[in-house]
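Please read through the structure below; I'll follow up with questions.
Chain nomenclature is as follows: A, B, C and D, assigned in order of appearance, with residue numbering initiated at 1 for each chain independently.
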Amino acid sequence: MEIPYTVHPHPVTGIPNGKLGIWLFLASEVMLFGALFSSYILLRVGAPSWPHGYEELSVPLATFNTLVLIASSVTMVMSWASLKLNQFGKFKLYLGLTVLLAFVFLVVKAFEYGHHFSAQEFPRTSTFLSIYFTITGLHGLHVIGGIVVNSYLLLPGSKMWKKDPDRFANRIEYAGLYWHFVDLVWIFLFPTLYLL
Amino acid sequence: MSDAVANHSVHAPAHHEELGFWRKYVFSTDHKVIGIWYGITALLFLFFGFSLMMLLRWQLAYPGQPLQLGWFTKLLGETRMPQGIMLPEFYNQLGAMHGTIMVFLGIVPLAVGAFGNYVMPLQIGAPDMAFPKINLASYWVYFIGGCVMLYSFFVPGGAPQSGWTSYAPLADIASTSQTYWLVGMIFLITSSLLGSINFIVTIVQLRAKGLSFFRLPFFVWAQFITSFLLLLAFPPLEAAGVLQLMDRVAGTSFFLPSGLVVSGQVLQNSGGGNPLLWQHLFWFLAHPEVYVLILPAMGIVSEIIANNTRKPLWGYRTLVYSIIFLGFMSFCVWAHHMFMTGMGTTMSNFFQTTTMIISIPSVVILTSLLLSLWKSSIRFNTPMLFALAFLPMFAIGGLTGLPLGLIAADIHLHDTWYVISHFHYVVAPGTIFALFAGIYYWYPKATGRQMNSFLGKLHFWPSLIFMNGVFFPMLLQGMAGLSRRLYDQTIYEHGKAVQPLSVYISISAWLLAIAQIPFIINFFWSMKKGKKVDSDNPWHSTTLEWATPTPPPHGNFIEPPEVFRGPYEYSVPGEDKDYTPQNERDTKNKKEDA
Amino acid sequence: MNQVSYKDWLPYPPNLSVHGPQIDQLITVVHYVMFVLFVVWGVYFVYCLVRFRQREGHKAEYHPAKGKIAKTGEVAVIVAEALLLVGLSIPVWASWRNDFPPRDTALTVRVVAEQFAWNFHYAGKDGVFGRTDVGLINNTGNSLGLDMKDPHAKDDIVTLNDLHIPVHQPVILELSSKDVIHSFTVNVLRVKQDATPGMMVPIHFEATQTGLFDVGCAQLCGLGHYRMKGQITIETPDQYSKWLTENTPQGGN
Amino acid sequence: MSVESAEDIKKHVRVYILVFVALAVLTVVTVSISYLHLSTGWAVLFALIVATVKGSLVACYFMHLISEKQIIYWVLTLCLIFFLFLMFLPVATSSM
């Protein structure tokens, strides 16, 4: 016997295995970032004073990064749509753009970090900075994870398109779901850390 | 869809013949091989964790007296037991690592990783897990996590010594090995996440034709709920682990308030953290974790009781609803571990009430299992003995939870031996007995041979006696108000009064170890010399795992099974044999099923 | 000074506080409930094992037991739990948490835990605690960082591992910690409370008998956790005020 | 694999562009609001509302939640419930 529903949807649930798997993974990610948000609220409520994010951090850079990440989400979903339209070239272009934008995000983030470090601001400096570095750092790791996955799918992984196009399109969809989630987390992180 | 599956199955076995040794036995993606690896690793960890406790019991029974065990004492060395006398640091290391290893490296991997992996896909008639490679990754990540934990024993300053709960700020300022503990935990959490995603997808997507949710064996239900607990409760601990790692490595103060003075020195940190944050995040995981430990055990026991009473389980749906409710409620009770932190009345009333509520489904489950015995026909084989012993032992474990859940009684009993006894009754003679029952029960499926029943009984009876010899006196010590985790209890007046009990407990613990020797012999001896099973279904069971060849090949079933009835159709009136397997085509209702 | 004997520690150690009997009562009642449940289950269980064992001519019955008695039993358990909760646990805890004695009649002592000792801080004759500052803490006699420039601090008494309280007078302890989490416990008084750094949690009790007892730490706090033992001396009001006078620092009047 | 025609996908693409514009606009909106230096309560409220709208747009359209299968909704509902329990945690601590 071979494992059923690896590509085609289950007749009752209407989805293949991978889709349920990636959503379950995202559910656990919600709990991970939820716990960190919860810790942030707890520490902030308990603190005698708390700086406004815009006093400590660079809002213009973060706004730019937000737009970058949103744009990368669009290119990600466009790459999936291109596959569905059988336009493999366009798919490569869009997915390549996604990876590129992710790199832009990381470079900007690195500038922000570097700026803080040169101003002698480290995670140990204050509670605000510790939670800022921890959450954005963990988010950054997720961005790196996304780059790794997308690069794989862009280069060696895309060979699958010839053999098993449906399965490959599914993979792009799952990678996309993950990537949109990373974007979604940032959408909440941005106002919480920078604007409040 | 089913046609496609059937076509594949014809040439599937031939394809797998070509795998080499490494792909077949070590890096196999076959859920059964992974399950067995999980099982062996977890049993070794269980034994190691138990050994730590046997060593620790020496100090509790004979405080400050040298342990003269020749080369063994020398091996432990001057930093742990100079001249055989245990140092308090080492005592704390033994305690912390016993807890960590038993819970995260022993019982969960055995109950979920081993039994879940091996049995669940068979019981739902699936060819494998939904994601075999992720399954393999899950095992190896667990293995690495275990190695990191073990390595922490060799770090300067010794193994982690802040208890398995690793309460901050103590763990924040502890020696290097605490960092290894955190890294090890992150590996173990990752492994659990990979495993639980796999389990849920497998149960939802890969059930055999006709196997609706309410025809699932109860064990599968238990694994299903357990997986959700692992999936949603572990990430907060991961977050807490990351925060504590930051505290230790990057010098942040998530769990450190301002103005700490450690050994006379003002701590140079920014402050502003909250020590209770760790406890909240930890117990948010660790209470559901308790149910991760017990639910699979309930599942195993239910399977074995149904099979050996030759009677359907009483109130199958009630059982299912009860564990769903248990799983759900386990997220609402975490703060009852923190009653003595200075909780106000609103919070304490809320958490006391939820704690009392969560005891009810446990009572219902126990009652259902007991009612299943009524007018049954009980076969006393080794798995059944362990499964039956689970019932009163779990009852004691559950009942002793009541006074701990009532906050006013908890003032006296909190952090005493009573607590230790309570949760050990649940997990040691409870869960571990259920796991032994499972090993005896499914061993014939995995090896094609029965385990020896005389050695099985020689394992069971002394184990039962000494388990109680260990844990019952602890209840009395707890009632006397004796705190847990004390290196030398005799410096307290009340500790002196109950010290004789400590000696009994320790001797029972060592005898309990001797009682495991028949099991170890049995386990290996039966592989080669055990009685061969007379059929694929030696226990005359109804569930699907017995419909495969023995042992099941890669891909499990010769052809996709189809299910026609509920899981426990035993002694159906009018049938010529006393069991009706789930996949047996019903001659009377043939039209309806096809 | 009469010493309480622990020889008859079963089922509880001696009980010397006003609120203690309520706690013991709750524990006793819960254990009766547990005992009855366990015995009923046990008798039924053993009966089944004997009566329904597999043997020649005995067959299992397919249809489930009615379970009416069992259902009644489950309801009884729920009722019993609800009664214990509402009738005993909640009120006892509410009075333990909320019904603090008035500050003017009670003796207030600050308890500052550290690895691995208990500091007890008395306000002294003026009844006001002196200012403390972590910056002033040193190992040579100022373990709490008491600011001697503060006039209120002059008559303050700080003891190490030595708590004196008068019998039959309400006592309020304000618990905090310098380093890690400890837990203040005196089992003969049925008192237990975590001492968490960054928090100050008050508890109250009233002793009913004089004597000399152990103070222990109930929360793992490091390698010396086991020897974090203090002493509580419960004495007559006369003895207590004598002790107070003897221990008040010079010039503290 | 959902059976969607090329025409459907092209419709999707138009939606994606619209959502992108909406997200960009909302980003500008939330940043501008922050320059008003409202009191903490209002600032939190506005920031969370905008973030929730943006998050929902991403989830509904990019992640196709708007037309997802029922089982995914079940998983997410469960996750949401436990997420709310998590958010209860700071309340639990602060009222101690």
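Please note the rule applied: contacts are C-beta pairs under 8 Å (C-beta built on N, C-alpha and C of every residue); 3 or more make two chains touch, one makes a residue touch a chain.
All figures in this text were calculated on a predicted structure; none of them were measured in a lab.
Q: Could you tell me between which two chains the number of C-beta pairs in contact is largest?
A: B-C
Q: Any idea how many Å lie between the Cα centroids of chain A and chain D?
A: 14
Q: Between chain A and chain B, what is the gap in Å from one C-alpha centre to the other?
A: 34
Q: On a C-alpha centroid basis, what's the spacing between chain C and chain D, in Å?
A: The separation of the two C-alpha centroids amounts to 48 Å.
Q: Which parts of chain A, given as residue numbers and ranges, touch two or more other chains?
A: 8, 13, 16, 20, 24, 27, 31, 34-35, 38, 42, 46
Q: Please output the residue numbers of chain D that touch at least 2 other chains, ranges allowed.
A: 71, 78-79, 82, 86, 89, 93, in rising order.
Q: Among the residues of chain C, pick out those that touch two or more other chains and give their numbers.
A: In chain C, no residue touches at least two other chains, as defined above.
Q: Dump the list of chain pairs that touch, please.
A: Chain-chain contacts present: A-B, A-D, B-C, B-D.
Q: Which of the residues in chain B end up touching chain A in this complex?
A: Touching chain A from chain B are residues 1, 4-5, 8-9, 12, 126-132, 134, 193, 196-198, 200-201, 204-206, 231-236, 238-240, 242-243, 246, 250-254, 269-274, 277, 280-281, 284, 555-557, 559-560.
Q: Across the complex, what residues on chain A touch chain D?
A: Those in contact with chain D are residues 7-9, 13-16, 19-20, 23-24, 27, 30-31, 34-35, 37-38, 41-42, 45-46, 54, 59, 63, 66-67, 70-71, 73-74, 76-78, 81, 84-85, 166, 169-170, 176-177, 180-181, 183-184, 187-188, 190-192, 194-196.
Q: Can you check the complex and tell me which residues of chain D touch chain A?
A: So the residues of chain D in touch with chain A come to 1-2, 4, 6, 9-10, 12-13, 16-17, 19-20, 23-24, 27-28, 30-31, 33-34, 40, 43-44, 47-48, 50-51, 54-55, 58-59, 62-63, 69-72, 75-76, 78-79, 82-83, 86-87, 89-90, 93-94.
Q: Which residues, counting only chain B, touch chain C once they are in their complex?
A: 87-89, 92, 161-163, 167, 169-170, 173, 256-264, 266, 273-276, 309-312, 314-315, 340-345, 348-349, 352-353, 356, 359-360, 363-364, 366-367, 370-371, 373-380, 388, 391-392, 395-396, 399-400, 402-403, 406-409, 411-416, 476, 479-481, 483, 485-489, 491-494, 496-498, 570-573, 578
Q: Please output the residues of chain B touching chain D within their complex, sorted ascending.
A: 204, 228, 232-233, 236, 274, 276-277, 280-281, 284, 331-332, 335, 341-344, 346-347
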